[in-house]
Each structure stands twice: as structure tokens, then as C-alpha cells.
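Letters A, B, C and D mark the chains in the order given here, with residues in each chain numbered from 1 onward.
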């Protein structure tokens, strides 16, 4: 497939196989029953069309669950274009169903990095209006911050930055630069017009949020941003309970491996690490946790995990899982000392958690593809190692990501964030915001009935005693859940 | 595909797609590392070829793990033919790899019932020798007892039984009768010759074992039988720890459903039920167990499970799993009263644990296929229900069965049983045997090193004190583990 | 025993039995090995005597662990006086050992409410200096805020408040008023002098912190306060992991009851509720959680707990545990409808979580004391109910509170807070503070070696990538752990 | 206290403090509600007095639960005398209540070994009838086999054995010999008369059962014996679920130690070990299991435990628990290499699981008693170690044994065994029997209602399909649960 920087095509989508649309639609129907938050929001707000005509670009794993998010945004009136935020995470039948329903979507499982960035550009290129051939989004749903990055870098280029001409730290960085240069040439002034219309971004994940805070701190953030990741109903649910289900799913689909009796090393004991470590232990793994933070380390120890360094596990670890958001967590040196047939994967963020590039360039290494997303490396000394999803997110690359119910929490936050960014666009500053606790509680509330939860209601006397409103919010801001 | 009762084909296998052989071989290579029991047996005995030239028919799920079993038997010298024991359980790349390597195998995922029984016949039809066109097996590896059933019924037919002409309780029974009548016509005297050479059967599973004990009690058992199912290293491992991993795997691959927060009803709390219930709870399900046996019921209660009847869960159960070996555990009446979008599946034995036939015949029901092995039923009142693997084993139909490591235990028992049946064929009676505890312990021992277990060794004084040999066996026969 | 408002006694302590001092000392020795945080602080700071001569009043459960805290404060140079903050929580051998070593301590297990408040006054009454007969503390370690309350109310009385003459909502409120009136008469101007010297308070628990924020908001807070409760190494450790161990301990020592198979109702799913619910489930209870907050309720559901109201559990609940900090959580009406022989207890905060007063006054109820802290109530209809520790903290009343190791975390925070309040007394405002994250991490770090944890150290490149210092602090303030 | 071989005293009991009877009675009342099996048996059979006038000697931990057993036997008509089977396991208030009610009981917490064996003799010495001054029991309830041992050894002595004159392997053995010699002298022919009337014994525990099988194999067993230990409702409940609750209870009451974060070494992974290991893990311990049996070892590994030798844990193990029934499991050499302040205890059977005698005799060791059942040993090199209950059963020595509900299962088996031994005394041979599965299921059934279990009932068609009676028994004899 080949894309980018051309006239709007008559067929405004790029997917792997449009004939998968029916299957995708069936699974979207199932998912809707599992996503009560999004469905309630549709029911409550669709009549008013709060996002009527608003141009929304999404860059977020193009899965069945995301399809329900997309159609929720459309029900609220939005004009949506979508790309995935990971080259392996698209479910092709989900993308097909979305394309079929008339929403421009640019995503397929197994994109090259060039295709990936072309798709991102496609997703933020809306048809022009009158004099302009192209227009940008008014709102962005971002996951990892790639759309935000592209716009900021494009805008800086138009304002004199020479970053595109500097040396690149990675292959991907160079691809971005090439793209920006091409756009700069073919669409002069494009990024300035994009920024002019852009009203805000809601960001899904830790890494993207981190980038946003850095931009804000540097005074470079071009729009208001809502940090969806740090809603309790996101970070303490999707990161924790999502991974608790999807890590083993990825491992099983990739390797069919028995987990009981194995030694699993989970690098990091944040929310993702917690979900991962508990899941593996429930399967009968002996789990070793690695941590840099003494508080998280003490939590892991209190839960009965051995806390040690990666170095001290080499030779006995059967499975390695990175969950950190950091880089170089599993180094090439680690990999060359692992037990034969160790399995290495990442459920944290970028593929640089594992030194994949170095591994691929290692003299004498042999890479045998077993099936899509599963590679066996035969190391120079003959020992073997399995790398899943080329070091990218194993739950999305090797399975289908988090299940619908937990994503309904995250995406309800996304939807409320989009609505609020638009409704109050006059009042937001170019800062990073979190959703108010009241909305956070509301998202939780929308998911309780589906699973049969009966809440207790405070009496007035009790509410007075506690000094909180009868209907919440119930906790001080610093409460940790 | 079409099979049965014809000349030996030049291409002596029936598989879905022989081009999958390479992929199958890669996964067999991986599995070998996870099956230390079988690999140790190869190493220890292959040189002596204890099964040299022995004709062995296998009827057992044609998976990657079974491929390692087959090649172990071949390494020991056997002449092997194989079929699956379940219409959905074949992994086509495993079958292809086995076929490619020259072993006759008759199995593909999604056989019709007619094809299934034809394959079973193919697997027990060895090329003739001299005057005889066909010969039967000398040993049988059975799972569920279908080969054993076919031979016994065929033999009885040749000895005057009129069972084949009587009414059938199910579609499948009629198919068996039709096959037997055809064989009777086309291969007169075939079953008598088969029985003449047949020296024994080793049976894999509870249901098949149950049939064997019934045959033995009725004085109709034609050969010695080894009950592999009741080796501790089988029933307390594969049934328990296998299901603990493969049930969720099947559910996830089929439905991508969030398990946390759901109410799951596990029918039966034997070893399979125990593995299933604990797995689902670890995922955050609230598990309700149903039981007929007060002892197992009390065990479930002591483990913190609610123990109730299926009837009392209707309307709140999200997921139903049968694990019983019994029939009519989930009835049509149950299914018509379930919560909307309930998921129903079976990991026990036959598909009659759930009244699938009645469901299919229900007036006004609509069946929508979502993807292979996943059907949505729209009931007359509009509520929906998902049935997985058409009521057959969900872990084999929707995932890939138990993982290699635990199957290595079961299959090591199988291999030792086959070797012993042959070596001591003069001494066995037509009864059902279990493997001696010493061998059971040996199977366990073969799996310890792989997972880093260090055993403690008794001193002589301690062994004296306990009154057991220093090297075992360590426990009285009635010990329950 | 009878106390208060008299000359300094020659024997400046009140304990149950000074002869228990040796036993107490032996257990203090053991506890020191389990409290590495406090011992490290002693080692690091004792030479400098940072609290040299500072008058410190403590009001905190007088247990073995608290003894180690007290002796740590003394090692840092402080002049300490102590009372318990709960009438049942004193371990008499701990109090004896502290008294023996020369520290004035006023605490015994089973105080009356009058004795309790007298002891509190004793603890804040230091011998005078020159013209003044009595002096107050310079620093306060508070747990629940009773010392803080007494000083504030006394001070307000001296400034014209008529609160002491108004009607009282409870027996205890009246006792406090009576005490204040007596002191007002016998020690004119006392509270003004106390406040003049008072430099700060560090508060241990949620309820006390809540009171402090209310005072601060109302502009009435008289000193700087450090909220120790909301250090991560306090709230996420002591509340959670402490209760996970001490709830069952209290239940067992009180009732010797089998937990497996019982239905346990845990009211509240904050940190205390989480620890309680998980502990009971691990014992084989079926746990029902009640919650007012939809987020916590969703967390409970994701962990597989049934979330329901107390009302819906009546008749099936065997054990009720309140963990809320709220009042009237278990009402008299609830108690009159419970299953026969239900056990009711509180591990939240005050005894008003359960309507004990109403129960005691119920017409026709009969109370049978089984042993200290265990009462059987025979209700008018003949059903029986057990109430533990008269509705006060069951882990302190019926067992010995949290174990040393986890308390070492909390008390290390306390000690660091006291040191900082004193060292920076010029810079603090009359507000509520939390300890900086760096100190929180330091507390955790002090406990890692004891339990064999090996931390991973960031490389400079990784720290840059994350944008954090190599040695921490590692997380943004809003991080929830 | 001093006992044995004298005239029947007017006050026919020996307890620590008869004034504790009221308290004991209150706790017996509570326990009756938790022992539905025994109470149902009383209700069903008491009217017929099936044990009318039968002399029953019991030697079994004299706890509250045992009191309910004793009173059940009395309700069935038996004439009961009782001793404890462990010098530390008596609950003095339970013994007092039983004595108060007129049943001769000889037991107090903290007997010397001499007193212990004197009490055992007292318990089997019934008042004479006519010419005989003393008579023995007709039935024995034994736990560990001490009554059985005494009678057998006494009988052998009267028949010429010279065992009493040989050298003794332990102090206790010599005490037994001395007692036998004294009785032999003072009550000539006593043991012969005892054996003449003796009709059977029911044995509670693995070790006692093991002794019985050895006696039977040697042809020396003098009476029929029922192995109660191997009823499923005993071994899979009391051993497993009892220890799961009572081990931590013993550790907590003895040491108040934080379990989370500790390394616990559980020696043995039988039922007792399984309960112990899972309990400790639930508290947050990292548990290492030691095993001699490869099957049990593999089970432990599949459950995620590290399986290693004691030697390999020295220096990192914080808590050691023996559960084996074997001797010398923790040796002196182990103890001298443990981490400072390690805790060592036994929940298996005899105190020789730990080399306590060797430890006590170690040159330079210093023993400091902390409180009853808790000793600190200061080793020659200064390191310290805690030994609980002097190496005897920690749950009985340091806590109150298993909770009532699980003991109701074991004791219902005991009661049914006693009834059957008597009713069918003509038909039993001098062999070791287990209770029929039907009774085993009945015991379970008697406990289901109390905990709200709803059983499913087989239809006739299902029972036919399974080949079992509609009402059970449901499983083949070899079924392992």
C-alpha cells in the first residue's frame, strides 16, 4: 500500500480487506453490549449533537472497541477521520466495518513505519472547504501523541525550525522528518492553517501525557489538552485490569505456552506491571518484579513478589515482560544471557523498552519467523529466544488488546473530554487538564449496572458527618484509590 | 473431503492443507522443549526400539502436542496411524507436519460427523500383509474410547449383534451404525481379524475410562486396557492445570470478553471444574459452582465459591461452563431463561453436556455465525446467547487445547502404558489397569528439572521411620494428592 | 484508677501492671528487628539529637510498635509523654516497659471513657518550669486528633466559646466538656499557655486528617499540621497490608471461627476495606462489599467481589466488618435482622460505625460477656449476635494491632514529620502539609533491605528519557500507586 | 500434679482450673452452632442410645471442639473418659467445662511428659465392676495412637516382651517403659483384661494410621481399627482447610509477626503443607516448598511455588514450617545456619520433625522464654532463632487448633466410626478399615446447609448415563477429589 500527499481519493479509506466489514460489524454489535459507558453517553447526548460538524482526528489502536468510540463520536455529530497509533494493533475487520460505514479510516495490521506515518497524515487531512484544498482537525483524540507531535513539528518547521534537517536517532525519526519535508513542499502553510482551527487534544496514555506536560512546561503546547490517562477510571482500570486480561491472552495466542511453573520477570510495578504480575501469578508462574522506585518495589514485596534486577534473573527467567514506559529495560546484553527459549515481550509503551534494533543488528543472530508477530532468534551461541510483536505491545500485536468493558471506561473519559474541550473551548488555556472527579465518578457509575453492582447511598446525616455531598464527589483530590 | 472403505490411497493421509507443514514443524520444535517427559523417554528408550514394528492406532486430538507424542511412538519403533477424537480439535498445521513426515494422519478442523468416523476407520486400517488387504492395530491410544467402541461394536456385529439395526438416540449413533454396516458389507470378517491382533488400549480420559470399566464389568472387554486418566500425573495435572490455562484461552480467542466483574457458572467441581473455577476467579469473575456430590460441593464452598443450582443463577450468570462428563447439564429450558448475551460453553467431555440439538431445533431460534466456532443464537423472545464450539470442547475448538508442558505428563503416561502393554502382553488380562505408582512418580520426575525443581532426598533413617523406600514410591495407594 | 488535674505525681505514669515490663521489653527487642525504618533513623540522626529537649505528647495506641516509636523519639532527644488513643488498644506489657524505662505513659487496656480523657490530659501536661506549674507540648503526635481537639476546644473556651455548656450528642462529648470545665476552673489560662508553645502536630489517620482539613478550612487551625496518613508509605501500606493481617487475627483471637465457607460483608472498599476483603477471601469467605463511591465499587467488582447493600445481605451474612470512617454503617435495624450468630466488628475508625449505643439500649436485649472484648447479644426474638471490642477497632481490641514491619513505615513518616516540624518551625504556616515525595520514597527505601529487595538503578540516559532524577523522586504528585 | 496407679479418686478428673468451666461452657455453646455434623448426629441417633453404656476412652486434643465430640458420644449413651494427645493442646476452659459436667477428663495445657502418660492411663482406667478394681475401654478414639500403643505394649509385656527393659531412643520412650513397669507391678494382668473387652479403635491422624497399618501388617493388631484420617471429609478438609486457618493463627498469637514480604519455607506439600503454603502466600509471603515426592513437588511447582531444599533456603528463609510426619526435617545443622531471628515451627505431627532435643543440648546455646510456647534461642555465634511450642503442633500450642466447622467433619467421621465399630463388632476383623464412601458423602452433606450450599440433584436419566445411583455414592474408590 502506498499513501499520502495526494488528492483526496474517491474512496476515502485504506484498509486491508473491506470484505471483512460484515464480520467486523457483528463484533461491534457484541462489543456495544460490553461498553455501557459509551452507549449511555450516546443515549443521553446524541439528540443534542454536541459535536455537530466538529472535525475530529483520532490516532488510536483501530480495534473493535475503538470502532464503538468512533461511532459514539459520530452519533454526537462529529466528522471523524481515524488512524491507528501502532503498526500492529489494527484489527482489520474492525477497520473494514468502520470504512464500510463511511468513516475515513487509514489502518491495517502490519503497516510499515512509512505507511504508518502516511496514515497519520491521512487521518488529519480533512477535505477542504472553498479555497482550501485541505483542512485539519478541530479536535484530536491521541494515544501516545503522534498526531500532536506531527502538528507541533510541522508548525515549528513552518516557523523556522531546522529539526527536520538534523541527524535522527532512529529510523522512525527520519521517516517523520521526510514526511514533514514532503508536506512542507507540497502543502505550503498547511500546518499553520491546521493549528488555527485546532481547539484541543485528549490524550489516552502515560507516554503521550508525559510529552504533553513537557510541551506545556516548555511553553510550546499549541492547544488545551486533557490528560485522560490519569482519570482514575482510566489508569486504575484499563492499565491494571485490562493488562491483567490481555497480557496472558497475547502470550497464549502467540506461544500456546504453559505458564504454570515458569519464572516470569515483570519489569516495572506500576498499574500495567501490577496487572501483569498478578495475572501471571494466578496462572502459577513464579513472578520476579524489577523496579526503580522504592515505593512500588515495597508494594510488590508486600504482595509476595520477589523484587530483583533483570541481571539476577538471567538463566532462570522463562518469560520477560516490560511494562515501564522507559527505554532499554531489556538490553541486548540481557538477551544474550537468557535461558534457552526465553520469551520476551513488551506491554509498556514503545518498542524501545527492549533493544530490538540492537538485537536485529547483532552479528551472527538468525531470525526465524514462526507466524505473524512471533519471531525466534537463534543467537550466535545457539541459544534461542522468542520475541513477540517485534517488541511492540504484545496484547495488541498478538491478541486483540484490552477487552471492551474496560475500554468503555477509558473511552467514556475520552468522549467526555472531547465534549468538554469543544463546549468550553473559549475557557480552556493551553495547558494540560484532568477531568473533574465528578465526571470520573460518573464514568464509573455508568458501568455498574451492567455488572450488577448495587451502590449504597449516603444519608444526609452521614454526608454531613463526612463533609461530602450526598451524590459525590466523595474523595479529596489526593486520594489514591 | 470424502473418505472411507476404499483401496489404500497412494497418498496415505487426509489433512486440510499440506502446505502448513513447515509452520507445524516450527511449532513442534518449540513444543519439544516444553515436553521434557516425552523427550526423556525418547532418549532413554529409542535405541532399543521397544515398539519396533508395532501397529499403533491413535484417536486423540491432532494437535502440536499430539504430534510430539506420535513422533515419540515412532522413535520407539511403532508404525503409527492417527485420527483426531473431536471434529474441531485438530490443528491443521500439526496434522500437515505429521503427514509431511510420512505418518498417515486423518484429521482436519471442522470435520462433519461422517467424516470424523471415516477418519477413525482410516486410522485403524493398516495396509494388509500378503493375503489380507487390511489389518488392524496391535495397540490403540484412545481418547474418549471411539476406536475401542468401533472395534467392539464391529466385532459384536460379526458375532450376531443387531444393534446396528435398532433405533438411534442421536444423529451420531446412526452414523456409526451406517459405517459399521458398510464395513460389514465391504470387508467381511474384518473386525474379527482386527481383534485377533489387538493387544491392548491405553485410554486418555474419564469418559473413555468409564466406558472401559463398564465393558469389563459386563465381561465384554476384548483386550487389556490401561487407564491413563487416573494416573495422578494425568488427572491431577492435565485436567486441573491444563484447564486452568486453556479455558480462559478459549473464551478469549472466541469472544475477547472481559472476564472481570462477570458472573461465571461452572457446572461441576471435579478436577476440570476446579481448574476452570479457579482460573475464572483469578480473572475477577464471581464464580458460582454447581455440584451433585456433597464432598465436591463442600470443597467448593471451602474455597469460597457460592454453590448453587443452574436454575438459581439464571438471569445473573454471564458465562456458563460445563465440566461434568454428564449430559443435559445445561438444558434448553436453562438457555431460554439466561441473561441476554450469556456465553455458554463446554470443557467437560461430549457436546451433550449442553442440549445443543434441542437448541438448534427450537422453533423460532435464529443462529448467526460470528466466526468459526462462535455462534450467536437469537432466541424467540429476542434475547441473545453465544454458543462456543457448537457445545464441544471449548479449549480445543476455540483455542489450541492444553499447553505442551502439562500434556507432556499425560503423554508420558500414554507412552509408558503403550510400552508396558506391549512388553508384557503375555501377562495382562482383559481388565482395566492403572500404571504403578512408581511409574507415576517417574513421569513427574521427568518434568521437574525443566522448571527448576530441587527435590529433597530421604535419608535412610527417615525412610525407615516412614517405612518407605528411599527412592519411592512414597505414598499408599489410597493417597489422594 | 482515677487521675487528672492534680499535682505531678512522684510516680509519673499510669499503667495496668508494671511487673509486665520485662515481658514488654523482650517483645520490644523483637519488634526492633522488624522495624528497620525506625532503627535506621535512630542510627542516622541520634548523634545530632534533632529533637533535643523538645516536649512531645503522643496520643496513639500504646502498643509494642509504638514503644519503638517512643524510644526513637527519645533517642532523637525528645521529652516524651504518651497516652493511648483508644480505650482498648493498649498492650499492657508495652506500656509497662515504657513506664519502667522512665517515660511517662498513661494507658491501660480497658479504660473507661473518663479515664481515657484524663490520660490524654496527663499526656499533655508536662511539669512546669519556674513560675508555671504545668506546661504543654511543643509537638504532638496524634491519631484521630483527640489531643488536637482537646487543645483547640480548651483554647476556644478560654476565648469565650460556650460549647461546653451546650447539649451533647454522645456520652463521650459530655465527658470532654466536663473535663474542660474542670481544667478551666483548676488551671486558669492553661490552654493559652499550651498554644503559645505548641509548634505543630503530625496526624496518623484519615479521620484525624479530615478534622484538620476542616479546622484549616474554617481558619481555626492553631498550628502547622503534617498529614502523615496520606504519605503513600502510610495509607497504602498500614491501612492496606496492616489490615490484611490484623483483621483475621482479631477475628480468630476473639471467636476462633472458621472463615472458609462463610459470607463476610465488608462495608467500604478504601484501603482498609481492600485489605480486609482480600484477607477474608483468601481464607475462603465469600465476600460482599458495600460502597457509596462508584469508583471504589467498580474496583471491588473488577476484583471479583459482589457489591451490594447491607440490607441485601441480611440473613446470609455471617460476618460484618465496617471499614469506612463513616457513622451508622451498621444500624440497629440491620442488627435485628441478621442471621443467627452473626459476628459484627469494626476496623474503620470510631465505634459509631456500628450503632452500639442503640443496641445496648434496645428493649429486651440481653448482653452476655464471653471473654474480654467479646460480647454475645441475645436479641428480643432469641437470635444471637456477637459484637467484638464493643464496636471499637477489632484488630487492636481483640488482637495486637498491625504487625511491626508495616507500622515501621507509618512511624518512620511520623518521626520524619516531627523532625521536620521542629527543624523548620519558622517556615511552616498554620496549614495541613504532606511529606514531600522524596521522604516518602526514603521511608520505603529504609524497609527494602530487611526483606531482600534489590532495586534497579536508572542509567543517566534512562533518567533523561523519563525526565526524572536518577535517584528520584520518580513519580508526578498525582500518581496513585 | 501427680497421678496414676492408685485408687479411683472421689473427684474423677484432673484439670488446671475448674473455675474456668463457665467460660468453657459459653464457648462450647458457640461451637455447637459451628458443628452441624455432630449436632445432626445427636438429633438423629440420640433417642436410640446406640452406644448405651459403652466404655469409650478418648485420647485427642482436649479443646472446645473435642468437648462437643465428647458430649455427642455421651448423648449416644457412651461412658466416656478423656485425655489429651499432646502436652500443649488442651484448652483449660474446655477441660474444665467437661469435668464440671461430670465426665472424667485428665488434661491441662503444659503437662510434663510423665504427667501426659499418666493422664493417658487415667483415661483408659474405668472403675471396676464387682471383682475387678479397674476395667479398660470397649472403644478407643485415638489421635496419634498413644492409647493403642500403650495397650499393645502393655499386652506384649504381659506376654513376655522385654521391650520395657531395653534401651530407649528418647526420653519419652523411657517414660512409657517406666509407666508400663509400674502398672505391671501394681495391676497384674490388667492389660489382658483390657484387651479382652476392647472392641475397636478409630484413629484420627496420618501418623496413628501409619502405626496401625504397620501393626496389621505385622499381624499384631489386637482389634479392628477404622482409619478416620483417610475419609475424604477428614484428610481433604481438616488437614487442608484447618491448617490453612490455624497455622497463621498460631504464628500471629505467638509472634505478632508481619507475614507479608517474608520468605517462608514449608517442608512438605501433602494436605497439611498445601493448606500451610497457600495460607502463607495469601498473606504475601514468598513461599518455598520442600518435597521428597516428585508428584507433590510438581503440584507445588504448578501452583507457582519455588521447590527447593532446606539447605538452599538457609540465610533467606524467615519462617520454617514442618508439615511432614517425618523426623529430622529441620536439623540442628539447618538451625545453626538460619537467618537471624528466623522462626521455626511444626504443624506436621511429632516434635521430632525439628531436632529440638539436639538444639537444647547444643553447647553454648541460650534459651530465653518470651512467653508460654515462645522461646528465643541465642546461638553460640549470637544469631537468634524463635522456636514455637517447643517444636510441637504450633496451631494447638500457640493458638486453639482448627476451627469448629472443619473439626465437625472429622469428628462426625469419628462418631460414625465409633457407632459402626460397636454396632457391627461381630463382623469386623482385626484389620484397618476406612468408612464407606456413602458415609463420607453423608458427613459432607450434614455440613452443607449451614453454609448455604444448594446441591444439584441428578435426574434418573443422568444417573443412568453416569452409571451411579441418584443419591450417590458418586465416585469410584480411586477418585482423588
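Keep this in mind: contacts are C-beta pairs under 8 Å (C-beta built on N, C-alpha and C of every residue); 3 or more make two chains touch, one makes a residue touch a chain.
Quick caveat, the model's predicted, so the values are computed rather than measured.
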| item | value |
| --- | --- |
| From subunit B, the most remote chain by mean C-alpha position | C |
| Chain pair, C-D or A-C, that carries the greater number of C-beta contacts | A-C |
| Euclidean distance of C-alpha centroids - subunit A vs subunit C, Å | 42 |
| Residues within subunit A bordering two or more other chains | 241, 260-261, 283-284, 301-302, 306, 406, 451-452 |
| Touch list for subunit B against partner subunit A, complex | 23, 26-27, 30, 33-34, 64, 241, 244-245, 248-249, 252-253, 255-263, 279, 282-284, 316, 340-341, 368, 370-371, 376, 386, 399-400, 402-406, 451-452 |
| Sites on subunit C touched by subunit A in the complex | 210, 213-214, 230, 232-233, 235-237, 241, 290-302, 306-310, 312, 325-328, 406, 409, 434, 440-442, 444-445, 447-448, 451-459, 461-462, 465-467, 472, 474-476, 478, 480-481 |
| Interfacial residue positions of subunit C with respect to subunit B in the complex | 260-261, 281, 283-287, 301-306 |
